[in-house]
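Chain naming follows the written order as A, B, C and D, and within any one chain the residues start at number 1.
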Amino acid sequence: MKPTLPRRFVSELFGTSFLVAAVIGSGIMAERLSNGNVALALLANTVATGAALVALILAFGPISGAHLNPVVSVMDALEGGLPWTEVPHYVIAQIVGGIVGTVVAHLMFGLPIISFSRHARAGSPQLFSEFVATFGLLCVIWGSSRLRSNTVPFAVGAYITAAYWFTSSTSFANPAVTLARSLSDTFTGIRPRDVTCFAAAQFLGGFAATLQFRWLVPTLPARAADVLVTHRAER
Amino acid sequence: MKPTLPRRFVSELFGTSFLVAAVIGSGIMAERLSNGNVALALLANTVATGAALVALILAFGPISGAHLNPVVSVMDALEGGLPWTEVPHYVIAQIVGGIVGTVVAHLMFGLPIISFSRHARAGSPQLFSEFVATFGLLCVIWGSSRLRSNTVPFAVGAYITAAYWFTSSTSFANPAVTLARSLSDTFTGIRPRDVTCFAAAQFLGGFAATLQFRWLVPTLPARAADVLVTHRAER
Amino acid sequence: MKPTLPRRFVSELFGTSFLVAAVIGSGIMAERLSNGNVALALLANTVATGAALVALILAFGPISGAHLNPVVSVMDALEGGLPWTEVPHYVIAQIVGGIVGTVVAHLMFGLPIISFSRHARAGSPQLFSEFVATFGLLCVIWGSSRLRSNTVPFAVGAYITAAYWFTSSTSFANPAVTLARSLSDTFTGIRPRDVTCFAAAQFLGGFAATLQFRWLVPTLPARAADVLVTHRAER
Amino acid sequence: MKPTLPRRFVSELFGTSFLVAAVIGSGIMAERLSNGNVALALLANTVATGAALVALILAFGPISGAHLNPVVSVMDALEGGLPWTEVPHYVIAQIVGGIVGTVVAHLMFGLPIISFSRHARAGSPQLFSEFVATFGLLCVIWGSSRLRSNTVPFAVGAYITAAYWFTSSTSFANPAVTLARSLSDTFTGIRPRDVTCFAAAQFLGGFAATLQFRWLVPTLPARAADVLVTHRAER
């Protein structure tokens, strides 16, 4: 039996909230301790984010699938997984959860609840980076979930660990997280005005990967429902 | 057949002892080698702690569940897992084990057996951090153990790896470990007078997560007994 | 049912493309941020590469086996896995994919599409390193795939993480990746004139490991087909 | 069917050889690149060693159990696993393999084949560290192999990753590796005169852990044979 929608809503909300708190919080800690050594700060931020993803997808995956990302929810719906009527619930939970996560991170470090980031992230290399990063993320999700959904947490955590370094944008790859990070004028922030372009590039990348995997794996649509680790466990 | 209580007592004692020795010992080594580069020291401390958790939960989980944490034992009892009569045994084993771990770490580095920490860790951001850290820890334990208890060691290790960086308190998240760390005037220490508030915040966070998961996963109580990885293996 | 050859061709092409983008891209990012601290740059490059391998083999393994490496495809054919008639398709996909990956990495960082590396990598210690590195890689693949093919992604990712540091050449261990890296005058580049010797040492190392495992594991040829994780999943 | 003794001999020899090459080689690379930043050098050395252990135990475990360590072979024999008549073969393979690994590492970095280390490692804190390190290693092996032997590679890799930092001796925990490291006057070396005491402390630690687990897990002896991951797979 699939968990009820309210339960899955709360699961996505809390999961995204913890994800954003981990990204922003570890960025604040890393910047404070690293005395301007940006490589070291990003390495700590990377380790924290990758590890958080492994833990959170293992924990919330069995309840709501642990999408934690509007691109994932929309693409899953496109392939016949999540019903379209539930997509808005998922996306709202992710957006609200992301903002809650920003606030929680700020409170944990004694900062103002919200602060608009002044960190400019724009230009075609960075937008292309977001396209590539999200394209890769959806490839990894579709590819690893086909065989055994229990490898998804490790595949996603490992992928983002790598992608923080191999893209010039440090791979946001998630519109809800991008929005939340615009509300934090800290290490991992992004100027509010840059959010829309990032989100567009992310959706395009995710869509391109989904189209490609439709051809690569003809049986994908029939299996999309199983991307939600949870469903399989609940049945 | 479940292992006898004395065996589980010793398992919790040794597991917690190794956990604390890993936390404190790696902190001493990291501080000695890093020449004041605190970000690098914390990164080494993080890697050592996360890896130790994976190894220790894999090793002692099959015997006693590898709670290694009074919050976990109490919450497991609350959900109908560990019998209430056994909770004091578990908690005493964890507290004694933690102190033994401190002594072992000090002996390995040629330091006095015990030294009271002078590292102030207080204030609402840090207490809120401990609440969040332990809330998240219990979410991860309840969530990941529901589906497949064999993912718990990796989920907990990954979670603490992240939490060291995303909280301003570096996520003690464990009253027995907090007490033990108050007896070490080294990198990972905490002033004895700050222990009580930390422990209170930790219990509150764990309790809140348990209440939330009761609603999120209605079948949780019936399964709580299985949180002890060991039981399932022994049957 | 095994995926069709065109599908497997595209899988190898995209997989190798992402692998090279991860190697080169993380090298560029690491060099930019690390202010000449080469140890820190290589550590970031290592973490990114190892994590990328885990994610990519989990994602593309079920489709094409995720060889991503001409040495692996040739040795798999030698043991009766991949049909010899399909080897050229795999190798071309890997070479083209590698070049695409270089271009993608450069575009993500706003660099010229192609630039020939001036990084000299030659001499017998480095060639011996490539022999050892690829010998070890094939040992790890044959050894870990015998028991359970689902450990291959973790074994390969962990092996390359180690080999980046224990060889003086930083373990290219892959002729397609070596060629692609010659087209990037950045941190992870290699002079075009050094590519042939590297590739020769890599094939020799892989061949030696395959001969040894033939004797070590007499049942290996019969199982070689299963090295392609995908086949097992498709059946 | 269990692999023949010559095959297992070669498996132990190659496995230990790669382990030592990884330890010494990554130490040389780390020292060369880190400009005297010892914390950073040890972190790179740690990551390489832990990852190598995961890869090597996954690869050679199915053939010979991947003991790679005389303490493990002797303790396994003590519990009824490895026949006593085969112990000398295992130990000789490990010692010879270790020396080969030292030579290989030196050749890869263009150093003299052998050089006696001048790195003093002595004193009771370091000897106590080796006792604790090997005690913990055997706890982790006995504990994790009881439930599911397929977690042993990850448990051992994670444990040594932690132990490099939480002991003042950086956890050699392996007499064959200790001997091999005495032949390398590089970052990870140890003075030849210090080898005997280290080895004695290691055997004592392993023996104490084995005695404790005999009591902790009464069914251990009957299961010791399964510590060799390989046997189970071969049957």
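Heads up, the rule we're going with is that a residue touches a chain if its C-beta (ideal position, glycine included) is under 8 Å from a C-beta of that chain, and two chains touch if they have at least 3 such contacts.
Since the model is a prediction, treat every value here as computed from it, not as a measurement.
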Centroid-based (C-alpha) most distant chain relative to subunit B: C
Angle of the C-alpha superposing rotation, subunit A to subunit B, to the nearest 5 degrees: 90
CA centroid of subunit C to CA centroid of subunit D, Å: 27
Between subunit D and subunit A, distance of the C-alpha-averaged centres to the nearest whole Å: 39
Set of subunit C residues in contact with two or more other chains: 37, 40, 43, 47, 154, 157
Each pair of chains that touches, named by its two labels: A-B, A-C, B-D, C-D
Residues of subunit A touching subunit B in the complex: 3, 7, 10-11, 14, 18, 21-26, 29-30, 33-35, 37, 40-41, 43-45, 47-49, 51-52, 54-56, 58-63, 104-105, 107-110, 150, 153-154, 157, 229-230, 233
Residues of subunit B that touch subunit A when the two form their complex: 37-40, 42-43, 46-47, 50, 123-125, 128-129, 132, 136, 139-140, 142-144, 146-148, 151, 154-156, 158-159, 161-168, 212, 215-217
